[in-house]
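Accompanying notes for the structure given below.
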Amino acid sequence: MSFRMARRRVVNVVMLGATGVCAVMSVLALCFILGYLLWNGGHYLSWDFLTKLPTPVGQSGGGMANAIVGSGKILLIAAVTGIPVGLLAGVYLAEFGGNTMTFMVRYAADLLNGVPSIVTGIFAYTLVVLPFHEFSALAGGLALGIMVIPVVMRSTEDFLRAVPGTLLEGALALGTSRWRGIATVVVPAAFRGIATGILLSMARVAGETAPLLFTSFNNRYWSTGWMQPTASLPVMIFTYAISPYDDWQRQAWAAGFVLLMLVLLINICARALLLRGQPTGR
Amino acid sequence: MNKHLKMYAPFLLLVGFAVVALVSVTRPSSPAPAPSPTRALIMALAPPSPTNVLLNAAGATFPYPIYSQWFDVYHQLHPDVEINYQSIGSGGGIQQLKAGTVDFGASDMPLNDKLLATFSFKIIQFPTVLGAVMPTYNIPGVTATLNFTPQSLAGIYLGQITKWNDPAIAKANPGVSLPGNNIVVVHRSDGSGTTFVWTDYLSKVSPQWKSRVGSNTSVNWPVGLGGKGNEGVTGIVKETPYSIGYVELVYALQTHLPYGTVQNSSGHFIKASLATVTAAAAGAAAKMQNDVRVSITNAPGANAYPICSFTYLLIPAHIADGTKRQIIKGFLHWMLTDGQKYTEPLAYASLPDAVAAIEMGHISEVN
Amino acid sequence: MAAGSRPPQAAANAKSFAARLRNGDEIAHLITLIFAALVCLIVGLLVFQLYRNSSVSRHQFGWTFFVSRAWDPVFGDFGALPFIYGTVVTSVLSLMIAVPLGVGGAIFLAEFAPPRLSDMLTFVVELLAAVPSVIFGLLGIFVVVPVMRTTVDPFLQKFLGYTPLFTGPIYGVGFLTAGVVLAIMIVPYILSVSREVLLAVPADQREAALGLGATRWEAIWQVVVPYAKTGILGSIFLALARALGETMAVTMVIGNDPKISASLLAPGYTIAAVIANEFTEATGKLYLQSLIELGLVLFIITVILNGLARLLILATTKGGTIQT
């Protein structure tokens, strides 16, 4: 009997240790990734890298200035197309929706969320690139915008629903119409959560490569306007990483570092925003 | 309203700051005249100005080093002309030209009549340079230049020769101690003109290859890992011990990878170089009078390197946009004259004079 | 309640359409409805485009597309089997590695760790989910592949080489490497959702088990985890759906060879990877549409899996009904 008890105690301790190891390994993975990128990428990060254009193949030097700005442009389009749609659809679901419509829209958003990014790339290609006969930042931005919609919609709906109904009722009691009540009282009350959703969605699409491969393509130079092929950080990382040139590989590390820092920073800001909002509740 | 401004102000400030930060960091210091940060931002967001013309091109990775140099030099000579060439493989160049997303394409594989018929518009093909495809390898401990017979290359790529110390390879390399490791075969995963040249050669020297696999930009490989572009194949060979891959000469040179000799139709083991590639193209000029699409793999000649090829620019015969038409015609003219001086340092052979003369005549067909 | 904002004469015409439009509420309702409908429209259009642009290959190959091993652009014969195989194998492999790690870590963070430590560590793990795929690919090429090639693969081949799973030449890239990289990518999903599900288990379940004399581990393993089983299963489905669609990291470490082989050390290909590599250069309608048909297949699989996942997670965290 006492042997059995001892064995149970040992198993208890061992499993505590084993699960702890699992948790620690998962945490260490991120630390390793960050550390390795910092070591390799931060090492080669230079002013040249941030401000110069790529050089011809085989020549060293040059940088990814156009890719950084290009990524910014594509993300801007993704934000402009995806955020309003997600926001307003979320408002609909939270405030106006009927039963069937709500179910359909939620299901559609879930589908969009689960679509592999390469498939949204195909979609944007058939919809924008082919008719206009042009690879463009617009096509890339649209492909990413589609991925932004479900995240923004879900967080908007969740946080609007979390706002106590008494707030809106108070506004209505003071004589305002329903839409004004929602726009000026409920949405600002849920603003933190909505902003979190927006930031998280942008962080997610900032790192997407696959949809950009055949929508915004790539550009050796600055791209002007919105309807030209545009260089972007993730595509450049991919192109340089699989190449055999040491200089290009170094640039891939540096670009990876920049991209990762950007994504992590946005994520941390988003979560900090959310955490700060929770105690006040509103 | 004040309240809401206070609410949204930090958000807007953050966005504004990000924009300003982006702009101030992206001060372009390339050879082109550097605009001020605000001008760069306006340029980046505004529609294309009438003075700056961007042409899009895509295609072969085979000539990518020389093309990227050419377009860069041409941009310095004509600062308002930007030719954006993306090396996505010959298959990509053909497909994107067909889809109309690029202004011109590039392919190592000349388009045959059947393929031309699938286009809705006429294409004129301009050979640009001559290049060589060689077997490059990464065998720890072996620094010597290996000799490859056609049969050994076909056998390796058919998956029949699996070890480096196979008699077929050892026989051609007496005195070299080859390890007993498995050969890691590397080929292209994308649609590639380099693949076309390689498989064209293998089809000519191995009936078994011809019937089982055939030659095209993309084939059903019996064995091997796939790399994206010449760059990808070189990258995999560089990182993977005991591997062999086929790449254009300049890629092996630029990355200091060893490459082997190939036995030509006269029985000599020839190493790819300017001289041997030029020798392979010796008889081509006469054939190109009527049709520039010639294959020079397994060419006759004692000093001819057996796996080389012309590479082609695919230009639409009719270009609606007048500015672009002038630019393309001007570039073609420059390419056939001054451009040929840049080929040697990158180990591409320049076009034989007779061929360049033929092409000059074809430029006028672009209208 | 909104009557106060309307001018008196409009009250009389309230029922007429024009008047209803003047009422801000109806416009707001209409605008948001339009955008909500837009979401449905986008999905419908996406499915329609995928379906329409794969018509040639669907008619040409029919159902044999799913069982054909061919991928021959020269002779125009395409089949999905090597890619489905590669996608399934790498995803299953990644689950086999990620599930113990994720569920184990979730158990630790939900049950053993003090709350603040648990929150902090979960925060860090969730950041792992935000790392872009191409960065995993970058690290895959330069860190994971050499380690696999020099250490792990030879080790596995030495001790398990008699099974057909670990035979053949060692490339470094291949199914196993792709599975390992994918596992690192999907662990955060399993860990964070499982942790939430475990935290949602009512305290009295644990306390009852402890009151009966169980050790902490026994209480967790025999009472809490079975209670949260469906939710954990849901998180696994979610992670699986993510792994199936993963493109960049996989294509950089799998070897890009459309072959079916029993050995995990051999190179392979997945649906997402082949589309990424060959889409811009698919010459010919049949080739391009075969790739799009592959995209359609992937879409359908992920839709089914995501639907199942949502149902399972919902049943445990919100529904409250115990399903054993």
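Should a chain be cited, it is by its letter among A, B and C, assigned in written order, with residues numbered from 1 in that chain.
By definition in this document, contacts are C-beta pairs under 8 Å (C-beta built on N, C-alpha and C of every residue); 3 or more make two chains touch, one makes a residue touch a chain.
Owing to the predicted nature of the structure, the values given are computational and were not obtained by experimental measurement.
Asks: Comparing the two chain pairs, does A-B have more C-beta contacts than A-C, or is it the other way round?
Replies: Answer by contact count: A-C.
Asks: What chain lies farthest away from subunit C once each centre is taken as the mean of the Cα atoms?
Replies: In terms of C-alpha centroids, the chain at the greatest distance from subunit C is B.
Asks: What's the distance between the Cα centroids of subunit A and subunit B, rounded to whole Å?
Replies: Each chain reduced to its C-alpha mean, subunit A and subunit B end up 35 Å apart.
Asks: Quick one: subunit A and subunit C, Cα centre-to-centre, how many Å?
Replies: 16
Asks: Can you pull out the residues of subunit C that are in contact with at least two other chains?
Replies: In subunit C, 141, 280 touch at least two other chains.
Asks: For subunit A, jot down the residues that touch at least 2 other chains.
Replies: Subunit A, residues with two or more chain partners: 242.
Asks: Do you know which subunit B residues sit against two or more other chains?
Replies: Subunit B, residues with two or more chain partners: 58, 227-228.
Asks: Taking the complex as given, what residues does subunit C use to touch subunit B?
Replies: Residues 70-75, 141, 145-146, 149, 169-173, 255-257, 267, 269, 277-278, 280-284, 288.
Asks: With touch defined as at the start, can you tell me which subunit A residues reach subunit C in the complex?
Replies: Touching subunit C from subunit A are residues 8-9, 11-12, 15-16, 18-23, 25-27, 29-31, 33, 36-37, 84-85, 88-89, 91-93, 95-97, 101, 104-105, 108-123, 125-127, 146, 149-150, 153, 172-173, 175-180, 182-183, 203-204, 206-210, 213-214, 234, 237-238, 241-242, 249, 252-253, 256, 259-260, 263-264, 267-268, 271.
Asks: Within their complex, state which residues of subunit B touch subunit A.
Replies: 3-4, 7, 11, 22, 25-30, 40, 43-49, 52, 54, 56, 58, 64-65, 68-69, 71-72, 75, 82, 84-86, 99-101, 227-229, 231-232, 234-235, 237-238, 250-251, 254-255, 257, 346
Asks: What part of subunit C is in contact with subunit A in the complex they form?
Replies: Spelled out, the residues of subunit C in touch with subunit A are 1-2, 4-5, 23-25, 27-29, 31-33, 35-40, 42-46, 49-50, 53, 100-109, 112-113, 121, 123-125, 127-128, 130-139, 141-143, 184, 187-188, 191, 215-218, 221, 241, 244-248, 252, 272, 275-276, 279-280, 292, 295, 298-299, 302-303, 305-307, 310.
Asks: Within their complex, state which residues of subunit B touch subunit C.
Replies: 58, 88-96, 98, 115, 118, 162, 182, 184, 189-191, 213-221, 223-228, 239-240
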